[in-house]
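Should a chain be cited, it is by its letter among A, B, C, D, E and F, assigned in written order, with residues numbered from 1 in that chain.
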């Protein structure tokens, strides 16, 4: 089996992003079937094929044109120095919307207080090229940048310093490390090969998929809300609505009543519903959304 | 970490009620994050904090003002003799809506046939105070009321009698026990501290949460139902509707048709849909609800 | 416990069809409670009772009137030569909608190339009667038809030939077997006892349930889609709609806008939403469906 | 892949006997590797090959010479009327050493009280041929013997009677069935093809394997027990030993002491150890066994 | 079902001690079968019966004679003030052999520095009676001793102080609590009813079981070690042996060699084996033990 | 926390080798407690400390003296070009004792048939340095050696060739790859830092641990075998023994009998036991071993 260039070839990230990505595609309308024994998942669109790569090497295969587009962290695009088109950001894979930061860190008790103090030292990291470029950019000579196979934070006390990723900083604090500098911030991105992006048919399909994925991401945090309002109380009810949303008001058979429907954030809904009830709304209900395009 | 009185402090019941309670709050719009190592779950409302207590001791901490409000069984409010405000009943935690009953029981083959026959006997129970008050109220002297650490029904044959809880009576039958009397019936309740309830801001927020929780409970058993009806058949269709519900009739662009929308019980829906189809309804569909406020 | 003829008695298939069937009934409005220790699941309709049978013997118990109707594969209706009424086909239990085929197969390297070459041979199969009738119909004498307890495809090389079921043919290919003929194709069916079907009350209820189950099956692959459209762009938006569907257009309070609502296939939706967005649709959203009756 | 007649071909029972059988062979010195996708397990003896069959069809393939020997229940040898050599009984697969019994049973409330009362009735069973022969042997005409796909005990109330297997009788009691007769008792057996048994090399190897399997079965319920005894107390200690065992008495360097070693049942050990301690044994210890050949 | 006084009645602790206890009895020669639905486990000794009780209430039922002997923590014997015979200590249930300590503790930041400072305060604990007796013994008046349903350490900051159990102190440190005093240390014990202990037959059987359980506990941390030694090097080899053990020296057929056998701790074995090898031991091997009686 | 140079510092491989390594140490007498949150496992020897590293980076930390000795694959010692002392080979981690081979492979259909054909091509591998040295040694210019993050065999069809590891070759066959050359064979090794090896105390302890680990590995595939033999048949019995083993012959109190004890391979035992039985051995039994030092 190999990749078929007549199809739009998608790269799915293997590892921690895999299940959320398959789920996101499902909510966007695409069923991706990942067999545990194959690196070629099935996708139920005859115009597409899919391959799995580790997020770390995704951008290299997009750049080379082995696949047309893929999803991976921005950090590894930078590390690989890959020349690809960035289609959009996709915030779906983590609990918070904080980006990941790659930071230069040393033990709290270390005498090293600024990057320059690391001159002649040894650094462990998963992003060797990024760290090399960082110190070259600052004209700081480093003795050795060692590739770290995980658990980088533990090694800060074994050598001179590390460059590791952190989301909330809690692992840094737990290991009593001090941050000297931030080299890179990163989020999940959709990236495309330049030739694919220049091909109008491929570009349109990639844009459509980006729209659908973003629509599915947005819908997760919103609900549809619908209620009946006596015409006399309509202004009072509408006054409760969050200003950002424009409610849909609907004629009903009974002319004394109108139906009002609105899409609101989940976190807004819980405030809004009691207010709408007190303002005279009746038969209020909400329903889940699959997708929403602003 | 301790409780912050400037926030509305919620008590979440640990044990069998825990997961259904977290789920109910989620469906009401609140995300509660229970860490396995902490008794302070996170709640995504900066105006609230949460603590976990066993249902058995919830009312004591509400009474003392350690928390402002909480959820627990009515039985343990009674056992603890706690002076708290009862906000509402919440039927969400069990398969049936039967209340729990605490009953005085003896083996079927026992010579004891009424509470008075237990004079001078030993009783095992988890509700020692409740049992003590019961027998004092009847002027029946009891030799000893022993606290039972679970499996109370097994002990009925080891001592003289037990007071144990039952929902359907099946465990009593399985253990061949005979009920002499019912001391207490109990359901899950939301209870509040009197001072918190007297504070208008806290009370409004507690009432809003009660409304949301009750709304989420109601929605589980209902669905939204929508269909298109030729105007000529509208009366026939509306005649099928359950009398309790008032359907919403909607103007459509094609003036020969109207849209009808109604919220019905899940158990009603399955009867209603075939009838509506025969009466001329078309494009009938139903959709799940997250919340409904009558 | 035994079956109560005053109730409508349903047969639920035990085995691989069990969980999908319980789920389908749930989505149709019926809660079926399967205890691991009982063959009499509970169903929350006082007018019905349920029993579990293996798909292989379902039709015999429907024919005998032990149950009024049930769900099973067509293949075993044929094998058992059961005289039952077929109510409808139900496509819900497999990934594809391909029917199962029962095929006569031999090893690829075998000298046997047509059914006649098996004269005097031994055949292993789970459908002994069907195979017997097949060879009798062709006047081909067979030495022995052995009942196979599973793994039939492995036995093709131990005796002369097998009759086994296949959905995609992949197991045949994996075992390097060659198909000589197809004896039977089969899908899942609802079947009813003739007397039950002749009883108007029972027949109406069976038809209602068939309607609901088919409605639930259809709904799984469709979504509701709703959007707001400037009146000026309505024609452009409607031109995008799949011809099979007739969209519902709704008056809104703001007379420059209308609401458009339509039910579309999941696989259509992902194409449609980007088009509707480009054509001027706004506040587009979709929502899941529980049931749809055409 | 097919069976290689130059090797000794073993049949391993698929289903509930599979894991205990693989474990028993492991404890006997043979590593069998069962792949979930193959019916040809690997065995680490170049002179042997293995196949898996359901216990129900094992004897047919042994009789036909597809395999040389196999392990299965005696009941299915009888049901299949297979002409095979029975090598030995192997008691390793169940909690108790009770044989399985196949019994004719009816509901407790039935009017049927002896086999003759079933004349003209319908019987459900998994052992159709055995039941047919039983009633023919008694000259009792039966209307129909139906093959039952499991859950036979439930069917006793749907038709006239059943023949089902039972180990302790608890399932019969739980279903309130009354036993009219026992048709067959059965244990697990090693069986061999007659030609294989007549071949001296194959027979010796089958006998060796039977010896090893029986040795491993015995070892599970026995332990090695060792103690030091002052020579003066040796007779008193030996007097405690169970008569069936002949202890090995061993010279020690210190001529006042001897070492005594014996193999005893686990259930004897718990009685014996305290007695030996009181009789003057010292440094008593016991250790697990892999295998024991008397 | 009830307890049969003609049998020796054993109490098995339910909860965290249950599985280690069943395993310990198994290694001692007794198979106990705990059904998830029954409080009467089966034991394979016709002269015994078993019941399950929570460790907290075990001593009460032993004292009352509902059972003859049982296993539970010493702490709850003290809390219940039960008059029972203590047979022996059994160290088998925890990772370390540290006893559990029940300590009086307050938050690190608290102004309370000695028990006397708690006069007039509120204490939460699971051992209400023990705490009451402790403060009465010191003549310190306490306002209220509240029963705590678990998570006691969390409550130290909600009231004035707690009495909670700790094994390593890590939970106290994690909750930043300061220990003021230790009220009680506790290990697992076998306890017997006084009447049962006075009955010679029952006492002998209880003593035998205690011997077997202790033998099985010892065996877990020891191994049998065996080696052949040239007679000329025997003294050098024996000089390496730990003084506590007396090795068994054994004549071999080859008179230049002797066999040496000794039981040693697992933690000793790893030091000893290399030394024995250097001192001239050959064919050194070690093997697991089931039971060891010194 | 950091490493303490006064202790002997052990490196435990993280990943697939971790659990077998911890188990091997346990069987050797060392209890290692791996917390899921720490990289510093506890080891129950006050003279030792432990750290976890990925097998890939173990040799670098041994070379640098961060740890004194560790366990890892020989392949990564070579890849890292680490200057360490190799203590011994340890065969315990895989089903077979085949070493891992790192092979240069291309698709079966590729035109590349020898390493030289890859001149100017792109190679993906996890062993970049090893591959670089291999092609430099052969004077074959390679365009690019790309680091592969797993699933290397899939990439053979995306670029020109791969260097991947294989144990049995089955993954190569499944991916239809052709092997051009073998670059490296590898097994698991214990390696030590040169300074630690030069320190007599550290070296003795490392050697002792190596002895114990090898003893525990040997014991897994061997059993102790013991039997009683009439003195008259001793020669016949001893003639059956495998020549490699020298049995221990033991005097018994009954002078007509001797006891024979021998350690044999599990795979020999199954041949030997039936022969010994036929030669006159009695009370033959075998028992498991923990450790064996020849």
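Definition applied: a contact is a pair of C-beta atoms (placed from the backbone, for glycine too) under 8 Å apart; a residue touches a chain by one contact, two chains touch by 3 or more.
This is a predicted model, so every value here is computed, not measured.
Under the touch definition stated at the top, subunit C and subunit F share these contacting partners: A, D. Residues touching across the subunit A-subunit B interface largely differ between the two copies, under half of the numbers being common to both.
If each chain is reduced to the centroid of its CA atoms, subunit C and subunit D end up 42 Å from each other. Inter-chain centre distance (subunit A to subunit D, centres taken as mean C-alpha positions): 59 Å. Multi-chain contact residues of subunit C (touching two or more other chains): 250-251, 287-288.
The list of touching chain pairs reads A-B, A-C, A-F, B-C, B-E, C-D, D-E, D-F, E-F. If you check the complex, the residues on subunit D that touch subunit E are 223, 228, 250-254, 257, 259, 266-267, 269-270, 273-274, 277, 281-288. The part of subunit B that touches subunit E in the complex is made up of residues 1-3, 14, 39, 52-54, 56-57, 60-61, 66, 146-151, 154, 157-158.
On the subunit D side of its complex with subunit F, the touching residues are 28-30, 44, 207-208, 211-212, 215, 219, 224, 246, 248-251, 258, 263, 287-294.
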